[in-house]
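Next up: some structures, all given as structure tokens.
Two complexes come next, and they have one chain in common, subunit A, joined by subunit B in the first and subunit C in the second.
After this line comes the complex of A and B, so read on.
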């Protein structure tokens, strides 16, 4: 066999190994991604009607009060979820990053909700939050207090969805942060202990800087996830009362599968895509701008 | 689990109490669900507080086993999640090996294109994908439910990293012995990646099992509902509390398979995470 033929075989082998994934990737991700840009420039419905309208869908989005309300709701939700989630997950990871039975059991408990689907989570929380049979209402009744209508009060519905989401989403950030904490070399701590550094100083000067990339990852992933929050709002409230808990993705769902305005829904989805990308890159830049370039 | 630095310090009593309260908050909703599932619908109609005291009953679970739809949804979820897991493991392992070990034109470019997929949120593709699948006649079918799970860039990235970490001497020795590329991959390297396969597999299974948005719009006939979509439709259909016990039994029932997977693989997940951290 000549070397030229060998190189050929090597190339073919390369494509044979990466080809199957790339074919699926191209057909089910890249093609829809490009189709989406095109559809968003059309007046399109779910049944194949297409009429070129240029940027009209995007112009409509700029002046759509329902979308503005949904954007506001989504941003408030993300703010009520991402910072507390990161802080609580960090505290729990610090507390649970130790050997022993108790810590192991507690890790299992705090990870557990992550295996549940959004349907189950909302099913569980609906019957905690509803005023006529919920767990909280039962507790209040025992104290002789009237029930609180968490899901039908426009001021309480967003915090209620935020708490539900916090409960559901804790596990994965704790896992990531625990893995990050395991990476911090132990001798740094020994040196700090020899220097008589307080626990607070150790946390601020050593632990947090050492896991800042993991923290960044948690914040980036959670921001992207919470800006796409959908199931909790759709299942718990249907976006109500009066749109007080309608999120952007719920609105996309309503516009596409309720009003059949596929072009407009796709345009909103592209705007959301741009927003997520911008925020993620911004967070990355803010955290890493003072760092030395990585090798 | 090793705990560098903090291993010497014990939890303070205050921290322990706070942790236990936190654990109670995590568990209380699940226990409440479990209790409700053991009460008859009629008893709960009168007062849901009745869940706290006997008599409890298994009638809701019996109703699930007799009613065919929940079982059908369970089977659908199992098929879809298993299909997604096997598919992701096969495609990611092949591609990971290719990107890590073989030389071919545009290798770097293609790898970057795959990595860019990590930045594409589901929302950017889900509506056009729905159009594409409608055109291809893939809605209300298992391939239609499984295929979107197979586009994940993370698996390829993860497996590429893992193959790169394996010593190259293994390849050279095997190739000198006259093994083909595929034999090398299949017989020599792949068995070494089993820890990575377990981690990737569990997370893929979880994600596919719990996916809601895609099956909600792709499976529109109840025969092809997955458990998430089926339970959502049940949740929407019931008036507030008329089928509460049954609904909660369905929730518990639907969580059992995933809890089994989670408990069975928990050690591997934690070890793999710690292992990834050591590298």
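After this line comes the complex of A and C, so read on.
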């Protein structure tokens, strides 16, 4: 009796620990995902109107030129952000992975941009990018050159958003990579020194293989994050000029809260979800397919 | 060709001096053990030779050339790390090839050396495995193999047996002894285990308190320890140290009186010893036995008995406090708490002056 009661109590305690998280996870993620799937099959608005249309919203998405442009913008942004972000974060992490006060201070400095909200970040970069009295414009003027309209030239607006995002997003990948680097046992670097490995060889053959899982994590997280890029585009350019910087999430926002076509917006959101899931799983498979299963 | 030479090597970390004017010469093909307690500086000395630590003063020379200014990889030295330090994402073959590729050794030569080393170490079947798929003993062999293929002038082994269980440790000890016959190089092993040092090394370098305390063959450091530290550190169980006063001489040999009054006629020459000086008498367990019933002997009370099968060690306390260790053949029936009488072979006693300097008995006539 007592042991059965004890086991039951133990199990209950287990559920009590997991329960709150499961409830919140279900309420804010699982339920909306399923509801979203349902809504995407309807003509729906924000007042609760639902009219079953089957896959019509998805068919519309396939032929929507605005969505195609937004998809292109988003993919270009992700390509302009994720690889350089990973490379720069790696270089900074390698440089900051050492004892000493200066490195500690700089780790804090690079991490600090992460705690700023997107509003502050775009405000700061607005001061830098705007053609009248912006920081870059002032610099160019001092050199006797005309200002560059970063936020209104269709060719420059995407790179401008990418640079803003790079600056804002560096902190977290640096922290992840520093944590990864600190997991590498020091004696294999000593062994490599005795094996006469050059710095470049050590980086290529020792360090990078040792942190490949952390690198993969950084790339996956950043890919997922940058495909959902929204705030910077919304606040810096509002998607302009002429949709040149409209991203998918910005388009979803416009369709749902501007045009009130909730069903169509949800269908695009589900497509985006599928795309992010596919891309990140593909990255995971590409990196880990040659590895033995971990013990 | 000359071997390794350390000339007046010193090292400090901040204000803490860890090595102080260490000099040492090692012959080519000699097997040396650095023996000392934790924090004695022995590992630091090994790392200075390897180039993993810089030295503050002094020189390191190998094969006649100065090497302390060279990068670790350019010194002609290979090292087996305490935790092996294998490259986890490389196969055994890649681990062994890494240093040779960096040194631009031709491919077929690399393959030849790896095949040869793998055969010697019986890891041929494991060459395409990763370290994580291997046992501790196999990893150790890979680490040794990685050192062998470099054909260095000097092998450094950092606590090579400390990570292995008892059975594997004995086997690896035999393998290390065989290794030194196969390689044309000197070996330096760092250890805090005196049994490893005694069984493997040609000469033992005993390091304590930033300095070399003694350099000698295992027999020398055991029979003629240079000072009280070496005497206590080498030998298991340790040498007993009994306080005594020098009290007369006979035939040029010192006599010493123990605290409780017993007079010992030692075989230690009087040279350098002052009458009336307070000293310590050093006695190894093999020179202290249980006195025959009815015979004279030092009265002592047994505190602990270690029965090893072939012999028994008896840890006892003399009247007045000092601890002494005796041995008895076979399985002794003595029990803790027993009052016994101990027979001492005074002719084998060592005398340690107040500053720790050792005075040894002359060879018996």
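Basically, the second predicted complex is superposed on the first by the 294 of 295 C-alpha atoms of A that agree within 3 Å, B and C clash if a C-alpha of one lies under 4 Å from a C-alpha of the other, contacts with A are read in each partner's own complex, and residues count from 1 in each chain.
The rule is simple: a contact is a pair of C-beta atoms (placed from the backbone, for glycine too) under 8 Å apart; a residue touches a chain by one contact, two chains touch by 3 or more.
Bear in mind that the values here come from a model prediction, so they are computed numbers and not experimental data.
Student: Where does A:132 make contact in the superposed view: on subunit B (first), on subunit C (second), on both, or on neither?
Tutor: first
Student: Which partner chains sit in contact with A:209 here, subunit B, subunit C, both or neither? Use first/second/both/neither.
Tutor: second
Student: Scan A:43 for contacts with subunit B and subunit C and give back first, second, both or neither.
Tutor: Neither partner.
Student: Please indicate which partner A:152 is in contact with in the superposed arrangement: first for subunit B, second for subunit C, both, or neither.
Tutor: Neither partner.
Student: Identify the partner contact of A:188: answer first if only subunit B is touched, second if only subunit C is, both if each is, neither if none is.
Tutor: Both partners.
Student: Give one of first, second, both or neither to describe whether A:277 is in contact with subunit B, with subunit C, with both, or with none.
Tutor: After superposition on chain A, A:277 lies in contact with subunit B alone.
Student: Answer with first, second, both or neither: which of subunit B and subunit C does A:198 touch in the superposed model?
Tutor: In the superposed model, A:198 contacts subunit C only, not subunit B.
Student: One more residue to check, A:86. First (subunit B), second (subunit C), both or neither?
Tutor: Neither partner.
Student: Which residues of subunit A are in contact with subunit B in one complex and with subunit C in the other?
Tutor: 185, 188, 190, 193
Student: List the residues on subunit B that touch subunit A in their complex, please.
Tutor: 1-9, 11, 15-16, 19, 22-23, 25-30, 32-33, 36, 44, 48-49, 90-92, 94-95, 97-99, 102-105, 107, 110, 114, 117, 119-132, 134, 147-148, 150-151, 153, 156, 181, 185, 206, 209-213, 217, 227-229, 231-232, 235-236, 240-241, 244, 247-248, 251, 254-255, 258-259, 261-262, 266, 269-270, 273-274, 276-278
Student: So in the complex, the part of subunit A that touches subunit B is made up of which residues?
Tutor: Within the complex, subunit A contacts subunit B at residues 10-11, 13-18, 20-22, 24-25, 28-29, 31-33, 35-36, 39, 46, 48, 92, 94-99, 102-104, 106-120, 122-128, 130, 132-135, 138, 141, 167, 170, 175, 178-186, 188-190, 193, 199, 202, 207, 224, 228, 230-231, 235, 249, 252-253, 256-257, 262, 265-266, 269-270, 272-273, 276-277, 280.
Student: Which bits of subunit A are touching subunit C when the two form their complex?
Tutor: Within the complex, subunit A contacts subunit C at residues 185, 187-188, 190-198, 201, 205-206, 209-210, 212, 292, 295.
Student: Which bits of subunit C are touching subunit A when the two form their complex?
Tutor: Interface residues on subunit C, with respect to subunit A: 50-52, 71-74, 77-79, 81-83, 85-90, 98-99, 102-103, 130, 132-133, 146, 150.
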